[in-house]
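Before I ask anything, let me first share the structure, which is written out below as structure tokens.
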Amino acid sequence: MSATNLMAPPAARSPESATNKQIRFVDVSKQFEGGGVAVKHLYLEIRDGELLVLLGPSGCGKTTTLNMLAGLERPTSGQLFFGDRPMNDVPPEERDIAMVFQSIALYPHLNVRENIGFALKTQGVPRQQIAERTTEVARILDITPLLNRRIHQISGGQRQRVAIAKALVRRPRLFLLDEPFSSLDAALRRQMRSELVRIHREIETTMVFVTHDQEEAMAIADRIGVMSDGELIQLGSPLEVYRAPRNLWLAQFIGAHPLNVIEASLANGEARLLGNGVWQAPVSFAARARLQTGGVADGFLIGIRPEHLNLTLAGASPAGGLPAEIYTRQILGTDILYELTSHDDVLRAVTPANQIFEVGDKVVVGFDWNDAFLFDASSRDAIA
Amino acid sequence: MATTVELAPAGSQPIPRSSWSSSRLNDTQFGWLLTLPVFLGLLAIVGYPTLYSLWLSFHRVDLIFKRTEYVGWQNYQAALTSPTFVHAVSITVYYTALVTIFALAIAVGGALILNEKFRGRSLVLAIVILPWAVSLYATAIVWKFLYSPEWGLFNAVLLRLGVIDRPFNFLSEHLAVPAVAIAHAWQIAPLGMYFVLATLQVIPEDLYKTAKVDRLGSWGRFRHVVFPYIKAPLLIVMVLVTVEAARVFDIIFFMTGGGPGDVSTTLTWEVYRVFYRNNQYGQGSALGWLLVLLTTIITTLYFLLLFWRRRERPDAGIAGTALPSVE
Amino acid sequence: MSARRILVYVLAALLVIWTLVPIYWLLNMSLMFKTEFLAVPTHLYPHGPTISNYSRLFGATAIGPGGAELPVIGQASIIQNGLRNSVIVALIVTAVTMLVSLPVAYALGRLDFRGRTAMLFAIITSRSYPPIAIIIPFVLLYSQIGLQGTTRGLVLVYLTLTIPLVVWVMTGFFASLPRTVEAAARVDGNTRWQAFYRVILPMSWPGIAVTTAICFMVCWNEFAFSQFLAAGSEAQTLPPAIATFFFQISQPTEMAAVSIIAIIPPALLAYLFQSRIRNLNLVDPL
């Protein structure tokens, strides 16, 4: 492939420096034989030692991206680099990677110890060394008592630990994890997440973790790459993605509770919110400036997370708020989710657990413009 | 880095590289590499005889003068227009239909019984496969002994019970075909029984509960819960049994020899008769090809059915992971 | 016990009777002296059971019910020879078939390659060929090239039966393995080929075992090809030997004993593997 040589002259392969350990996708696309395009023109740099989460709904191309990293799929166009080395034509067994699968691909005919040591045996590592390294990872993952069990004799959570141990024992240059926890129950999933973060801190190896669970992504990632429809929508730290989503879809996709999306327009320095403009609220100076720069003053969308709506009992209400009534209430533990009705509109708000309203209470809804996302009504992109 | 862990940082292992490796092939290349030699081998064994038989079917062979003569479609014409051929086809259809009906009834009935919970079920499960292990020729021997007028079990029991007062010939002119068909069904049904049973066992328990809540009786439950599930597998078993019945030979050979007279002369027996008894190689080959045509049509149906069923289950794609195509 | 429960037990009993009675009758016959066997009315179980029908097959003589000595069965040597040939042919064919078929089945079950559907179709079509139609040219060819009546000739023909069968069954088995197995094996440092023999094959041991058993059974039970390609020769297997016995002489009790012997190996295999056979989808591997 001609682009390859332009981008990475193989002759110039220096001893691997930090930057050289980067993994880069350069204009990579993957098209399947049936005609479906799984990944479109992907540019992505994976930093050495980071835990990158690829997040997106099913069919967004994240698993295909992971498979291309593993060498299990070949890019249709573009080039993948490990450091300076073009990787498109390197088969998986020559990539020095370890992978943990959603289906927990352990070999049923081998016991736990043999499963963990299998890849090392394949590589011809001496028996003594395999035993030592197996013992060590078994200790790290707390599965020493299981080493002589058969796979069908251990539980799902234990299997996932064994799968991680099997990957860990390799000391690979790159860890790939394909929805590894999705078959575990909620409590176990949370526990495994924090263990993974701990392991990552300890081994400092680059990890790429694929999931469709935004909560999981937020919890573990150094950086999140959000994908949709084969494209990388946004790449950034969890907080960046949470606080400044690049478009409406992403704002709705990220976050524990469904986003409030409110139609809005500007008139006489005030915002008219909701379909019929029943909610008239003063606009902050900064927001007004952004809207005018964006040139969308007469029709835009506001996205507000439920946790950013303020509720106060009617009567003591500040000006510019929307009168509404509590329609339903769900106690979620640390906080409470309310559904509010106002005229024909429904909004959702989350309050701390100590701020309790009863169903039927009349409240006034307000928000801080700094917390609001502003989107172009037609393109649905964020207004910078 | 924590002191407890001594895992080396990334990328420290040398990567072995072989000049030739199966990994450098794409799916199609690797697939052909694995399959083609065997296919060619089989073709080498079957190819010449097949072509030879095709050639024969267009010739008249004179065994005495060791002469062959090209006769075009004449053998086929003769086969197709001869009354014995028409008779053999009708017997084949009759026989095939009977075997299929008997075998499906046994398979579904047995599967429904085995789907119940009862003590000794696992033993019964192990026993019912037995006929399938018995070869067709042994099946024929077994059933010939059962039917025998002189020492058969059926006559012995019927005589003792006083149902009949003298031995009855089960392989007589009117009963020969159904009698042989029952023997064949006995042998072939267990496989279908296992297959239907496997399907029955994936029907969710909740569906039965729903049916009970909806006040469906046994028939209603069969019609609305069980049948939709076993419909497709049943069709597949049906086609499979049909093919097996249409190519029957061993049983006829041992039980009736195509008789009495020609009442059980199926197409396969007709081929045998023309070829071996009458030494009409050309016409025998032509008949053989007509027979192959018939079974191929049924098999094509079977194949299409399997693929159609696969499309019905979108989850059941090809299991192989897409592996890298490294050109 | 409810009426329904009783009905289930009655039906289950009927199923067992239907399955076993034919074989019981054969066994019953094989354990009788000919004199008892010809009694009127027919005995439903042997009143004076004897294993002489079996022992006389293998060179022993026996004392009959009247004190008369019963000689070794005349066909004994033919039957013994047939048994030996059946074992030899079945073992050779099974070994070759398994060796040759597994890679093919693997490719068809797990690789999505161009030509796969056509190959599956070819296999299933060849499985449905009526043997009698394909036997004609084989008989003519074999007598020309000297394979008629040889073990080699039989082995060759049997391979055309067993390879498609084993490929068909194992294709289904391989396809049922989890999708990620190869991916895991590859990432663990195996080439495609190594992934097959280091991971897939050992994993598939249960399926391979039962398929081997089925392959053996098919060879053991095959009649038509052996009848036409080897009957009367030194290479004749058990089924044509039994056919000679069956049609030429009237020794039903001895005949029954031979048949029982022919049934035992496949029946034993089926019993041993019955739970695996149930899990193996022999009808629809796709």
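Observations on the model:
Think of it as A, B and C in the order they're written, each chain with its own count starting at 1.
The working rule: a contact is a pair of C-beta atoms (placed from the backbone, for glycine too) under 8 Å apart; a residue touches a chain by one contact, two chains touch by 3 or more.
Keep in mind that what you see is a predicted model, and the values were worked out from it rather than measured.
Using the mean of the Cα atoms as each chain's centre, the chain most removed from subunit A is C. If each chain is reduced to the average of its C-alpha atoms, the one that sits nearest the average of all protein C-alpha atoms is B.
Which two chains touch most often is answered by the contact tally, and the pair is B-C.
In this assembly, the C-alpha centroid of subunit B lies 15 Å from the C-alpha centroid of subunit C. For this pair, subunit A with subunit C, the centres built from the Cα atoms lie 57 Å apart. Each chain gets a centre from the mean of its Cα atoms; for subunit A and subunit B, those two points are 52 Å apart. Shared interface positions of subunit A, defined as residues touching 2 or more other chains, are 67, 71-72, 91-93, 95, 123.
Multi-chain contact residues, meaning those touching two or more other chains, occur in subunit C at positions 178-181, 183, 186, 191, 194.
Shared interface positions of subunit B, defined as residues touching 2 or more other chains, are 21, 23, 321-323. Within the complex formed with subunit C, the residues of subunit B that make contact are 18, 21-23, 25, 27-28, 30-32, 34-35, 38-39, 41-42, 45-46, 48-50, 52-53, 56, 106, 109-110, 113-114, 116, 118, 120-121, 124-138, 141-143, 145-146, 151-153, 155-157, 159-160, 186, 190-192, 194-195, 197-198, 233, 236-237, 240, 243, 246-247, 249-250, 253-254, 268, 271-272, 275, 281, 284-285, 288-289, 291-292, 295-296, 298-300, 302-303, 306-307, 309-310, 316, 318-323.
Residue ranges of subunit A in contact with subunit C, taken from their complex: 67, 70-72, 91-93, 95, 97-99, 101-103, 105, 107-109, 118-119, 122-123, 170, 176. Looking at the complex, you find that subunit A touches subunit B at residues 16, 21, 48-49, 67, 71-74, 82, 89-96, 123, 136, 140, 168, 171-174, 201-206. Within the complex, the subunit C residues that touch subunit B are 5, 8-9, 11-12, 15-16, 18-23, 25-26, 29, 37-38, 41-42, 44, 100-101, 103-104, 106-117, 119-122, 124-134, 136-138, 140-141, 156-157, 159-160, 163-164, 167, 174-183, 186, 191-194, 217, 220-224, 227, 239, 242-243, 246, 252, 255-256, 259, 262-263, 266-267, 269-271, 274-275, 277-279, 281-284, 286.
On the subunit B side of its complex with subunit A, the touching residues are 1-2, 4-13, 15-17, 21, 23-24, 321-327.
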